[in-house]
Structure formats: C-alpha cells, structure tokens
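Chains here go by letter, A, B, C and D, matching the order in which they are written, and residues are numbered from 1 within each.
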Amino acid sequence: MIDQGLSGYSLPLSPSGRSSMLTPPPWHFSGDILMVDYRVNPEAAAAFLPPGLSPGSDPGAAAAVFAQWQWTSADGAELADPQRAQFGEFLLLLACEFRGEQLARCPYAWVDRSVPLVRGWLQGMPKQFGEIHQTRPASVGRAGPRISPGGRLAGSLSVLGRRVAEAAVTLRAEAAEPPRLHTVPLAHNRVIPPWLPDEKPVSELVASVVDGVEFSPVWSGDAELTLFDDLPADLADLRALAPISVGQGHYFSYAETLHGGRALES
Amino acid sequence: MIDQGLSGYSLPLSPSGRSSMLTPPPWHFSGDILMVDYRVNPEAAAAFLPPGLSPGSDPGAAAAVFAQWQWTSADGAELADPQRAQFGEFLLLLACEFRGEQLARCPYAWVDRSVPLVRGWLQGMPKQFGEIHQTRPASVGRAGPRISPGGRLAGSLSVLGRRVAEAAVTLRAEAAEPPRLHTVPLAHNRVIPPWLPDEKPVSELVASVVDGVEFSPVWSGDAELTLFDDLPADLADLRALAPISVGQGHYFSYAETLHGGRALES
Amino acid sequence: MIDQGLSGYSLPLSPSGRSSMLTPPPWHFSGDILMVDYRVNPEAAAAFLPPGLSPGSDPGAAAAVFAQWQWTSADGAELADPQRAQFGEFLLLLACEFRGEQLARCPYAWVDRSVPLVRGWLQGMPKQFGEIHQTRPASVGRAGPRISPGGRLAGSLSVLGRRVAEAAVTLRAEAAEPPRLHTVPLAHNRVIPPWLPDEKPVSELVASVVDGVEFSPVWSGDAELTLFDDLPADLADLRALAPISVGQGHYFSYAETLHGGRALES
Amino acid sequence: MIDQGLSGYSLPLSPSGRSSMLTPPPWHFSGDILMVDYRVNPEAAAAFLPPGLSPGSDPGAAAAVFAQWQWTSADGAELADPQRAQFGEFLLLLACEFRGEQLARCPYAWVDRSVPLVRGWLQGMPKQFGEIHQTRPASVGRAGPRISPGGRLAGSLSVLGRRVAEAAVTLRAEAAEPPRLHTVPLAHNRVIPPWLPDEKPVSELVASVVDGVEFSPVWSGDAELTLFDDLPADLADLRALAPISVGQGHYFSYAETLHGGRALES
C-alpha cells in the first residue's frame, strides 16, 4: 500500500490496489529466441556504455535478439488470457564489464505490448514500441522449418511503419553451449527524467537479478542480419551499431524469473 | 494473364502480374490447433445448412477451432517474411453430409490478416476480421504449459473490441485419433453479391480439395467454451450456435495443402 | 435471400441474413481528402490500363489520394459505433478514357479496415491492407495546421511494416474547382479468380455509379510526393508509377453515395 | 546530458541524446474532445483520492472524456509524420480540491500510442493501453454529424479485446462556457515502484503546469454513458466509478502546452 486508502505497486492506484498496471516481481518468462551474434565497431559500442561500464575482454561483440515471450506473475494468473501473457521483443546486446563481471548492455529494445514496455522502463531497459515477427518452427507440413539441419528462421522489426531490422538463421547443428551474450546479466540505467522545477535527472546503474534460468537445446548455424539505413532522426545513433561482420545464429527456448535489480555501485 | 498487357491471379492487376494480392493455389499450411468439440441445438445447426447439405448422422455435433498458421505458396517465398506468412484463425464447424459424404460446414470464421481473409471469400469461406490469441506451449520455465497431462491452453477471439469467444483445454492424454470434424472436407458457398443492375446473386456449393494432410500426435482433455452474449447486431444469429454441452478439447499440429474447390452438384 | 433458410447479401450467410459482412448498397461516405496531382511516364500509365480503356487527352496525368472516411449503410446504423464506421485509404489514380468518357483508373489502393477492403473487391477496386495516417487540421493550438495559407498537411502509407508512400501539401489558396481526377467515375475490373477445375478467370470492366457528390471548399498549394524504392517483390510494378513531376496538392472534404456498378461494354 | 558520453532526456540514452523516446517538455497538444459530465457515488470517488486531496465542494462530480490528439515538441518536428503525432485518449475525471484549489483527479486513462503512455507515467498520469474511437464531424454528406443541433457523436474504449466504455452526445446548443472539469489542473501521483532491495515506493502528489489553453466554441447536449460490467479483475475497482446519473455532454476542440509539474506539498 502506497497511501492510506489508495494502493498499488504501480499506477493506476486504486482502493484495492488491484488496478496496478504492473504486478510486483517476480515475473516468470518462457520464450523462443532467434539470436544472431555480430560485431560492431568497438568505438561505437564503447560510446553506448555509461560511466562505470567498460568494453571488457571482447570489445565489439554484439548480438541481435528476437524473442516471442509468454510471461506471468507469481500466481500464474496471466496465462489464462494469452492476449495478456504474450509479447514479442527485439533487442541489441553489447558485451561489457563492470569491475571484472561480464555483463551485457542493451542500447535499444522494442516490444509489441505496453505492459512489458513500462516494466522495461521501471528496470532501466529502454523498451520502445515496435512490430516484431518471427518464424515459428513446424513439426508437420511445408509451411515451417524443422529444428534440424537446414531449418531456416527469420525475424523482422518495424517501427512506426518502417522496417528497421531483419535477421535469418539457417540451422546447422546443435551447439555445445548457449550463446555467451545470452548468459550474462543485463546492465541498465534506471533513468527518471526531471519533471518538477529544479529536479535533477536521475540515472542509476543497475543489473537484473534473475534465477530459474533454463535453456532448451541450442541450435546454431549461418546467419544474416540487416539494420536498415533509412530511419527517422531519433534512430540515427542506431546506425553506428550496424554489423561490421555477422557471426553465428542461434535458435532456442529460454526461461527465467526476474526478481528485481541490484545497484552497480561506483 | 487476364488481359492483354495486364495480368494477375487476383486484383491488383499489373503489367507483370506480380502485384496480385493472392498467389494462385496450391497454398501450404502448417499450424497449431486448439479445438473444442461441443454440441449445439440440432435445429439451430440445420438452419445454418444450405440446400443440398443435411445434418447427417450426428446432428448437433460442432467444434470451435483456434489456429495459429503459417502458410506459403508453391515456391515457399512467403516464409522469408514471417509478418506475411503468419495468421491466426478462429472458426466454428458443424457436422453435415452431402449425398452420404461426411463434411463440415463453417458458418463463421475470423482471421487477423487480410490475405487469408480475401482468400477465404474466393473459396466461399466466410472469414471476417478478428483479434485471435492462443497459448503457446513451452518446453522450459513457468510461463507456458507442457504438452503433457495437466497442460492448460487457452484461446480468445475479439471482434471490433468485444470479446466474442473463449476456450480452454486441460490436456489429459494422447488421443488414438484426430477429432473427427478436423478430418472431413469443408463445404462452402461461393457467394458473389450482385453489383450491376439486374445481376442475380450467385451462390455455389463447393468443397475444398486438399492433400498433404499431416497430424502431429493429438492430445485431448477437458474443455471449456464460452460464446459471449453481448454481441453487436450482425452477430445475433451466432448466439443460436452457443454450446448446449461441451465435450473434449484437443491440441495438435496440422498441415495441409489446399489446391482449389470442387462443385457439390445438386 | 440467397437460399431457402439461409440468406445474406454476402458471406457469412445466416438464417436471418443479418450476419452478412457487407450490407447491400447504397453506402454513404464522408471524408477528408489530401490529394497530390502528379505525372507519371505515359507509357507506364498505359501499361496499367486494361483493354477498352485508353489514356485519353492527358496521358500521364495521375494523383495520389489520402482519405480519412466515415461510411454508413442506408439506415445509418454504423455511425453509432465509430470503430465500425471509420477507415483510412490511400490510392493512386490514372487519367483514362472509355469511348470518349473521362474516367480514372485506380491501379493500387490500400485501406486499414477489412469491410471496405472486401467491398472494394466486390466492385473491382484492388484494395489491400495498409497503415494510413493523415494530418488533421486544428482550429486551436500549435499541434495542427489551419485550413489557411501556410497550413501544412502530411500523409503516409506503410504496408507490412515498410513505408511505401508519403505526401505533404502546404496550402496556398482556395481553388476555383475540385481537382479533375476526383470528379470523374472510377473504372475497375471485377476479377473473379478461378477456383474450380477448368474454371475460366472472369474480368469485367465496370464503372462506379455514384450520386450525392459534395465538395467542401478546396484548398490547394505546393506538394511533395514520395513513392519509396525499397519495396517487396509484389510491389515492384508500382515503381513504374513513381512521379516524374509533382503538381499541386489539395485538401478538401468530400461526400458521395455509392449505388453499384455499370458495365463498360466493348 | 545525463552521463559523460551518453545522454538523453529519457531512455534510450545514446551518444547524441537524440534516441530519447521522450522529447523534453514543453509539449503542445491540439485535440477534439467528446466529454460527458456524470455523477458517481461520492464515497467511491473519495476512495480514489490520495491523502492531501479532498472531494471539495461538489463531491461525486465526474466526467468521461474521449479525445483525438495531435501533439508536437517545441520545434514542431513530429507534425511532419502524422503516425507519430496522433493519438487517441479516454480518461475519467473526479472533482477534487487541494487547500482550496479546485482540481481534477484522473483515476484511469487509456491511450493508443506508447509515447503518450510513457509520458503519462513520467507525470503521474495512469495511462494504460486501449483502443479508442470517436466520431468525426463532417461538413458534407450523410456519413457524419454536423456541429449543430441534432448532431450525434459517439466514442468507445476497448481494452484487451473487451469493450469497457461507450458514450454518445446529441448536440443541442452552444454552451456559454467550457465544462468545469476540463478547466482545472490535474492532480497526479508520480509513483516510482520499488525495484532495488530495500527500496521504498515513491509517491509524490503533483499538479500539471499548463499554458496556452484554447477552447473552440463548446457545443453541449444530451448524453449517454456506459461503463461495462464484464471486465477483467484488474478493472474491478473501476466499476465503483460507474455513473449514478448522467449529465450533459460536450464537443469542442481544445489546446494546451504542458510544461511540467509542480509539487502539491502537504
């Protein structure tokens, strides 16, 4: 309860607190992931790291990640309504380090539902709204790839009616281990823009606290990745993170439970 | 080619014919199906059958079907862009018979993309536009059911911002065979509304011609099905098809190739 | 009534006929139009004309038209639910002639709702699905143009997550008369793709029958128009209709009642 | 600039700062408003007021407001892309008072674009995502009302595929002054949910700071308002704010410039 007679973990506050748009963590996630490892100009990547984070031992390592998620709160209630429980996501990851701890920085992310968008802002993850589509594997018929050698999966992101990114992966073999950038915590800046007179902007470096991580077998193969050039002005900086080379692609299912954040103290 | 210098299987016609919104059949489909067997008032069902079709040996047998599809033309090109290749569908089926052949009649169907909607009208399938959502099974984590006993999947249909139907299935065991109404051809009326002066309406009874049918193992279990009451006037007739009892639910993957239609001649 | 016990102007047929997705004409339309006159290569335009239509006296005259419509059936019922009554449209027009009658040919059109899309196919208008946005004039404040000199309005079309067309008009003065291509009937090909074995494609040249035409005062001015290059394969032919020069732009309100079609007999 | 080398008013931070999803205020708004005055149970309204706010001199006074907005930042850039500059909104208002100052409390609000949604949370306005539709007046034809006696305008809100609210207003006459609840500042709680261990929830009572207010002539008349009963659990508290009586409805254009907030200090 936030206030006498009016409560909620987030807005909207209401007498019972049940109107809160966000349920309090933990939040459980299960998803299907299409991921492409790639390399960016290391200086461009460094320019996207806040004070406190350094490029680490593999500067320029990056990844583009498409995901189709289901999520639910501790009580599982959202799963009864798939319209509420599902969302798509696309994000970029940059390898980085905090005092020797390997982390990943997410400079840009898009989702196609509002609850995960706002939940992202709470934790410092810069989620914006986009249209995200991703091939589903099939076990029968000719209108979907098998999870086996030669299976080909694609993903696309559009923002405000413009295609921003596309990726495709042709599966070759099961991998020995998950792609590294999907195994490290994410480092975010919780930003609270100033609103009142003389208010100072707040920007706090945090990492996500996650458990319950599960990976299905990971299939890897050849990959393609395009970040389009013809973008609106607010995405001009994104172009600096275009691939200078494209590595392996991966397809796997993944689960985690997100509990909150921890400060990365300087 | 339809006209000298202007061609296409469908509108839009263009010099190369490549602008046709519809590719010519065959069309391949692979999908995940959440289906609920139920029973309607046999008289209500009969009132939805056109001349030539009779209720057959199991009058009142009906089903509600949610599907998440991928489709592609003969050359597979659409699979490269999942935004183009995917759609969701919800439809009702009524058991019926034509001269001793077991068929299913689809009185109502909704899809969430325009190409399958128009393709439906070409073949006599009354597809309208709706929002369709369906649980995805998960192999990891707590935000999705397993395809195993106790796994629970749900589906929902909304039309013009109103919830029209919901279903849920709790899986119990693998079934010995697919649900019957998903194994018979569909009988449609190709309707061409009159547009020119003195033009007569056309209504032609046809059945779909399909091959390449594949079923994954079918899981069955307990089911719930709701058709909501508070609907706009154009859906008033739909209420007559509300369940008088609900039977088993099913979850399976399914594939077919649709080649065209055949006349059901009277 | 189409069949004993099952009726409707269009699919879906139902016992009362009320489930028909399309109401029978007449349909009333009131809309706000942002239009740009431009010129295309006359040979490219001619290649989009079917047999029976000729380029006429002004070959290469073309227009791009954004519209925000409300529509209703004869009884006005749809106006009670604005979600049902509104749609956006973008279309191209090419000047043409049939036996001396000035007409316009619409080679491509997009709408953002399914009922006008299917209604388009019934009359031979090649409507596809797109995202359409158009500036609204404002009478107060700084977030919208006035309908007066210097007022600037813009429109955009995206298809499957890609920007296809953009236009902008800066108003200069009230025009003496409406733009010509918005005053002539549209000539369409009603196309019925073949579905049954040995069925022949049908393509019938028709014109729209309209009355109740009203124009508000028309404001005209300088215009910009872009048809984007980076389009999917099915829109390759569209590029031939890109502007070779851009003329005046216009903004006005427009109404008509559409009653049906008439054959253009050869 | 928030951090050396990484800047932005909001997330996403980027080297140039241009990637910020939110531009800093001021933000200019111009919109068309369909508003219905109504009365709620005064105790129910009081239960939605946070400490510091009291019901004031007219307890139970409420309003339901549909709006179709255009917005732009100080430089006007967003107006060039109407897809970016437009959004729809539906909100409820409750009369209240802070130390004698008349204010309005917004317990629930929905918008149909993500930028105004996040901007709402920054200022303490509990915006969620909904589908919002509103009649547009017409100056020609039969598919839209005139702004004159007898003109009828409607609005609807759907959330996650369920109809939540509908309103309609039949215009009777021009009003002498704007509806009171649209003339007072809004009082919000800026809520920052806890994310780090031992973090306390923040909830700060603020009011919006606005200038440049303009009203077009206001038309008023008879009104209808429905808040639907069949809502998901998170909207259960909303039912307490259903109308016990419905007053006048209003249609007008409105503009304001939003500069930030001021603390309502207790």
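In the analysis below, contacts are C-beta pairs under 8 Å (C-beta built on N, C-alpha and C of every residue); 3 or more make two chains touch, one makes a residue touch a chain.
Composition by chain, UniProt nomenclature: A, B, C, D = Acetoacetate decarboxylase.
These figures come from a predicted structure and were not determined experimentally.
S.K.: Look at the interfaces B-D and C-D and say which one is made up of more C-beta pairs in contact.
M.R.: If we tally the contacting C-beta pairs, C-D comes out ahead.
S.K.: With chain centres defined as C-alpha means, what is the inter-centre distance between chain A and chain D in Å?
M.R.: The answer is 30 Å.
S.K.: Roughly how far is chain B from chain D, going centre to centre by Cα mean, in whole Å?
M.R.: 40
S.K.: With chain centres defined as C-alpha means, what is the inter-centre distance between chain C and chain D in Å?
M.R.: Taking the average C-alpha coordinate of chain C and of chain D, the gap between them is 34 Å.
S.K.: What parts of chain A, by residue number, touch at least two of the other chains?
M.R.: As it turns out, chain A has residues touching two or more other chains at 81, 83, 131, 133, 156, 158, 161.
S.K.: Connecting every touching chain pair, does the picture come out as line, ring, star, complete or other?
M.R.: Here the contact pattern is complete, since every chain touches every other one.
S.K.: Under the stated contact criterion, what part of chain B meets chain C in this complex?
M.R.: 2-6, 8-16, 18-22, 24, 47-51, 77, 81, 83-84, 107-109, 113-115, 117-118, 121-126, 128-129, 160-161, 189-193, 195-197, 201, 203, 206, 232-238, 240, 260-263
S.K.: Touching chain D in the complex: which residues of chain C?
M.R.: The touching residues are 28-32, 68-72, 76, 79-83, 85-86, 131, 133-136, 138-145, 152, 154-156, 158, 168, 212, 214-216, 253-257.
S.K.: If you look only at chain B, which of its residues touch chain D in the complex?
M.R.: 131, 133, 156, 158, 161-163, 228, 230
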